[in-house]
Each structure stands twice: as structure tokens, then as C-alpha cells.
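Next come two complexes built around chain A: one with chain B, the other with chain C.
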Partner chain A sequence: MTYDPTKPDANESLKVSQSPIKDNYADAQTAFSVNHGAFAGPSSGLHIVATFVEQIGHQTSAKGERVLYVTPYSTPVTPLDELWISRVNTTTYTPITSKGFSSNVAWTFLPTGELLKYGQKTWTGPGSSNIPLNEVNQPTFSEIYWAQTTSNNSKNLISIINISTTGLSLSGNSTGSLTASWCVLGKGVS
Partner chain B sequence: MDWNDTPKAPDQISTTQLPIQSNFTGLPVAFEINHYGINDALKGLHKKMTLLRQADAPADATVSSNKIALYDLLSNSKDELFVKTYTGQRDFTALPNILSRGLASGVVIKIGSSTFSSVPASGISQPITFNEEFAATPHAILLSVVMTSGFRNTAPQYIKVAYSAADEKGFQLNAATNTGTQTGITIQYMALGV
Partner chain C sequence: MPYNSGIPTGPQRLKDSQRPMRENFQEIQKAFSTNHVAIGSEDAGKHTVVVFPVQSPEPTAAANQIVMYSAKYTNATDLTELYVRKNGALGIPFTARNSAVDAGGTRVYWTFLPSGTLLKYGEVDTVPTTGKTVDLKLVTQPSFSGTPFISLATLQGTAAPADFYASATDTTLTISHNHSGSTHTFSFLVMGVGDPTPT
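Let's turn to the complex of A and B:
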């Protein structure tokens, strides 16, 4: 049955209202036990698991709140339901469970909202190679905080010669195949 | 308190009033654990979320396509927060251990350092083995290794650092000076993958 807060009626005798009262109790216990320890048990009120059901659109948060919720992240090629954090500034939403890869770039978000992009790049030296940081179907940077690169060969001197929110340029001084790992941390736009 | 299976149909209210009231009293007590009270303006909202350790991850059937589940499992003798999504194979620890820091997305950052007692110009190499391997599935291996170039102690020498033979188990850390020998060189590294 459905929980009925109007029961018992004032003019009902107990033998009439006993059944809806008990039904209400049963429904309350059932609802209470979803994701939580059973009412009368030692874990009463504590969470067994926290299951988040997909919501339509972003969930706002008021001052003093952090809100966790699930809604699809539409940027990747295949949008998936992701767990998001909403902060006081309700225009800031971070899909903390999202990640992705292309042939050039891997990416993920930190729970604080920073975007982390990283990967390995191979090109022919001497010379530079550009790594796009604004590929479609990926989140982008609005600001770059930090970047680093390292060669896979100590004979090759690899360095970052340019970086912006749209791309990273690596340069090497050796002839032939150059490979370097790289990592960029910045303010993400989800 | 225990839940009272009351009232019974033939009960008099004088008999069942107390257990009914006891049930009513018990409900908000349990309701208020982790949540704002039943009479609070914020009732139902969480003050915090305490997750109890589970023996196993939630069954796949309980995490359908429109759901994500958070839960606590024992991992390496520590309680860790896990997230499970419908896409499967995405159970992971979302809290860090010492040398392998998992992000909520499943991306893992492994950090560490290694010290060479002496680095010559001809170069030196030593293996780095991760305390836990990266997964060995497509796009899930080690995807990036970045390192500092080390601290030089004699100008104008500098130290070149590089990696080689990187895979899900570890990599080879290589160092060389441009000239002469440097001693006691510590290289910090960070490896990223899934």
C-alpha cells in the first residue's frame, strides 16, 4: 500500500485503523531501509550504500552545501551517467567520475574541479610537435596552472616551448623518433 | 529501541498507546542519524554520509543504467570508498593510499622517488616497480611518466632524466649528467594511467 499520513481517522475505532497504522509503519520501515541500516538494528540510520539515481540537469547548491548527484555528461562521444559535485557557485559542476581518451590526450577531473590532461607523444625530430588541448568531445581548460614533460630517452632533450588553453608544444633537439610523456593541470570547463 | 509490531486489531488504545508512541519516538531517532531531524527545516538532507564496510560490491543488477553507487570495501587492509557505475569494470578506490592515488574517475596517479648514489655522464639506470600495477587493458596502461630533472650540486653541470620501457608494471629510470659525476641524486616521478 501507499503510506497514508491521514490514518488513523479521528472517528475510527482502533480495530478499523489498526491495519492502516501497521501498513504505514511497514512502509516507513521499508523506505527507511533503502540504502540504510534497518531501523531497529545496530546500523540504524547509517548507510549501507548510497545509490544516486539519474537526475535531469544539474542540481543547485545553496551556501554552505556541497551536493552530490548523477546526471549524464554530454561532452564525451558516448555520454555516460557521472557523479557530479555542485558547489556554492551553482555554475560550477564537476563530473568527478568522468574520464576519456583520444589518440593524443587522456583526461580526467579532480574532485576540486581541476582538469588533468596527460599522455605520450611521438614525433620526428629535431623540431616541435603540437598536442591539442581543445579537442572536440573533451572538456577544455579556461586556465593552465602547471605542465611538465619528460623524454623516454635521456639522450633527447625535450622541453615545453609553448602552452595555452588550446595546445601544448613540445620540442626536441635530436634527430629521429622522439617520445615524451606530458601532463597539464588547470582550471577545467566541463 | 526495538520496533513494536503494534497495534493488534483487538487491542484497546489504552494498551497500545505506549508501543505506538514508542515507535513514533524511535523513528526520528533513527532518521536523524547522518540526516537532519524529522522536524528540522532541512529534514532529509545529509549532515554527512557514513558508509558501513560491505563484504562485497553491490550486485550488478542493483546498479542499473541510471544509477551510480558509493560504498565502503576493505582494500589492502584499509577501508576505502568505491564507486560503481553501470558501465562495469569501474569499481575503484576513490581514496588514496600512500603511493597510488586513485581519482574518482578511475584514473590512478602513482608517485614516488628514487635516489642514485652517483650519476655519471655516461648515464645510469635503475628499474621502478609500481606497488600496484596499472590495468593491462586497452587505454588502461601507464599513459604518462613525468619526472623532475634532479638537483644538481655543482654548476654548470645539469642532470638529464628520462624513462624507458614503461608498461603497467613500472619503468626504467635513466639519468645522466652533461659532464662529470654528481652524487646523491633523487628523482621524483609521477605516473598516470588507469
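Let's turn to the complex of A and C:
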């Protein structure tokens, strides 16, 4: 049966309209009971769960609105369905459930649209080591807000000697193997 | 009045069916007006707010779907939290945060990002040159799935600069420095993939 908002017809007798009216009531009840508290129940209209079915393409938001939806995130090597926030009246979309890893870099988003990239780097000191922040199959930065690093394997002073949206350079003055954690926060481009 | 999808019945005339049919329409309107823009309005069907009554057991997600729901985060915050869950994965309580003090007196804070990334952070004081360990697997806290990706530390206060390091496993963070004869306070942040099941 299919929900038919044109029923009943004006010239129909009730015995003819009965079936489509009942079908419409049943369809309305079936549809609304998905994700929602049942009609006339104590949770009527509330959301038991919100299930987001995969959509094709990004969903736009009108002025004064934000939109949550699910669509695949195509940037990673293996695109997965992710939950996105579409911001007010812009073309900025943030995959808030996404995260990924390469041999150099791990990344994830904050719901604000800020991107976190982080990882651990090992190199031979004294000297510097470069970490790419613009690897393929990863989101990128349009702006960097903050960065930090710490030695992980010996009592060293590790410093950030250069940072841009494309890369980070760490330096240590000790001799031998140096290992450091690093983290960069900035405006993300999904 | 209950919603009745079985009306009108065959023998009824409209004057008999009018009332139950109107009651059904009223129930539909009432339900749809809760959390949703009212039927007949320009934005009908959109959400004004989404209220999630607490669920038990927790819902699961089918393939090509992601679900959002609220449930009590037992033994962690013991509060109702908002979760997001992918197909075949555990729910991530992304509104949850809490802290606890370990045996060494360090308060360890934690929270999740919606991606399932777990952050543990805090401030550890009186760190000697021999190092001090922070418990990253406290009872009532979610834990890391394997070794965390990063462990960051920053020297606090006006003490003379000292070389130092921070090193984490899934269970502990160790911070040590070489400023002989002194103890220091450090801020720390450890980040990695989280297991939302409390220890």
C-alpha cells in the first residue's frame, strides 16, 4: 500500500474510502514509529534514535540552520560513511566521525571544523626532520592555529623550527635516535 | 485517546467515523509538532530540536547508516550521554568527560571526539629527574586501544628550562627531566584511538 494524500475522494462513499483511509493511517503510523516515540505514547514525537541513511552528495543548509547527514568521505583511500555537519549557508562540510592514519600522520576533525593532525616521528640527531601535512588522501589545513611537540625517548629539547599548511619541521640537538610526538591544530579542508 | 489505524470500519457512516478520524489527525499533529516544525508550516518536516530519551539496550547501526542516541554511560560518568555509532563499531559517547585521581595524586581528565579519538590530559606535579608515572587506565575511565599515537608535555612554572620527555603506553604515561635537584610540574596530553568500555 502507498500513502495517498488525495484520499478520500469527494464523491466516494465511506465504504469505498475506508480502505485507503486505513492504509494512510497505517502508513503514517509505520513511518513515524521509525526513530520516534509512537503516536499517543508518552514519548510521542521524541527520538528513540536518529538513524542517518547514506545520502548522495553534500546537503546544504539554509540561513539559520545546521544540517546533520551521512555521506561517504571520498578523500581517504577507503571512503567510509561519515556523519557530517553542514554549516550555516556556506559550503563548509565537516565529517565529524572521520579519522585516518598514514605512516607519518594521524588526523581527525572537531565538530567546529578544526582539523587535528598528530603523530610520532623518529630521526637521527642532531638535526631536523620534516613531516608532511599535505599528504594525498588526507584532509588539509587552510590555516594553522597551534602546534606542539615533546621528546618521547630521551631527555631532549625538541623544538618546532618551521610550520606551514604543508609541513612541520622538528629539531633536536642531541646525538642519536630522537623520537618526538607532535600535534597541529588548524582550520581544516575536508 | 489512542491512535487507531483501524478506522473507519466498513459499516460506519461518516458521522460515526468523523470523531475517531479527527482524533487520529490530532495525534499525528501532536506527535509531529514535538521536535519537528509543525505540519502545514513552511519548514514542515524539519527539526526544531532533537530530544533523545535514554535507551537500553543501545541501538546498533545497519550497513550504510550511522545512528545517534542517548544512553547512560555506566561506570564512567554514570550520566546520560549522546552517542554516535557506525555499523559494526561501538558507540562513541562524545558528550562524555570526567576525571579521576591516580595513586600518585595526578588528576587525569578524559573526553572523546566524535571520531572515537580519546584525549587524556592533566597536570602532573613534583616530577623528579627519575621520572613520574601517570595511570592512563584508571577504573571508571575509558582506555586506549593499543599504544596512544602521541604524548605531549609542557613544563609549567618559572623553573629553569630543562630537557625532558614524555612516553606513553596504553596503561601509563611517564614524564622525566634532567634538571638535577629539582621537581617540576608538567601539563600533558595523550591522544589515540579510544575504547569506550570503562576499565
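Observations, loosely collected:
The rule is short, and it goes like this: the second predicted complex is superposed on the first by the 187 of 190 C-alpha atoms of A that agree within 3 Å, B and C clash if a C-alpha of one lies under 4 Å from a C-alpha of the other, contacts with A are read in each partner's own complex, and residues count from 1 in each chain.
What we mean here is this: a residue touches a chain if its C-beta (ideal position, glycine included) is under 8 Å from a C-beta of that chain, and two chains touch if they have at least 3 such contacts.
From a predicted model like this one, the values you see are computed outputs, not experimental measurements.
After superposition on chain A, the partners chain B and chain C are seen to clash.
Once the two complexes are overlaid on the shared chain, A:Y3 sits clear of chain B and of chain C alike. Within the superposed three-chain model, A:W123 lies out of touch with both chain B and chain C [touch as defined at top]. Touch criterion met: A:W182 reaches chain B and chain C at once.
With both structures placed on the common chain, the touch criterion links A:A40 to chain B and to chain C.
Across the two superposed structures, the residue set of chain A contacted by chain B and also by chain C is 14-15, 18, 21-22, 25, 28-29, 32, 37, 39-40, 43-54, 70, 80-83, 96-99, 106, 108-111, 116, 118-120, 148-157, 181-183. Chain contact summary for the complex, chain A toward chain C: residues 14-15, 17-18, 21-22, 25-26, 28-29, 32, 36-40, 43-54, 65, 68, 70, 80-83, 96-99, 106, 108-111, 116, 118-120, 148-157, 174, 181-183. Looking at the complex, you find that chain B touches chain A at residues 1-3, 5-13, 16, 20, 23, 26-27, 30-35, 49-52, 54, 58, 62-63, 65-71, 83, 85-87, 90, 103-107, 123, 139, 143-147, 160-164, 166, 174-176, 190, 192, 194.
Of all residues in chain C, those touching chain A in their complex are 1-10, 12-14, 17, 21, 24, 27-28, 30-36, 46, 50-53, 55, 59, 61-62, 64-69, 84, 86-87, 92, 113-117, 149-154, 161-167, 176-178, 189, 191, 193.
Partner chain B is touched in their complex by these residues of chain A: 14-15, 18-19, 21-22, 25, 28-29, 32, 37, 39-40, 43-54, 70, 80-83, 96-99, 101, 106, 108-111, 116, 118-120, 148-157, 181-183.
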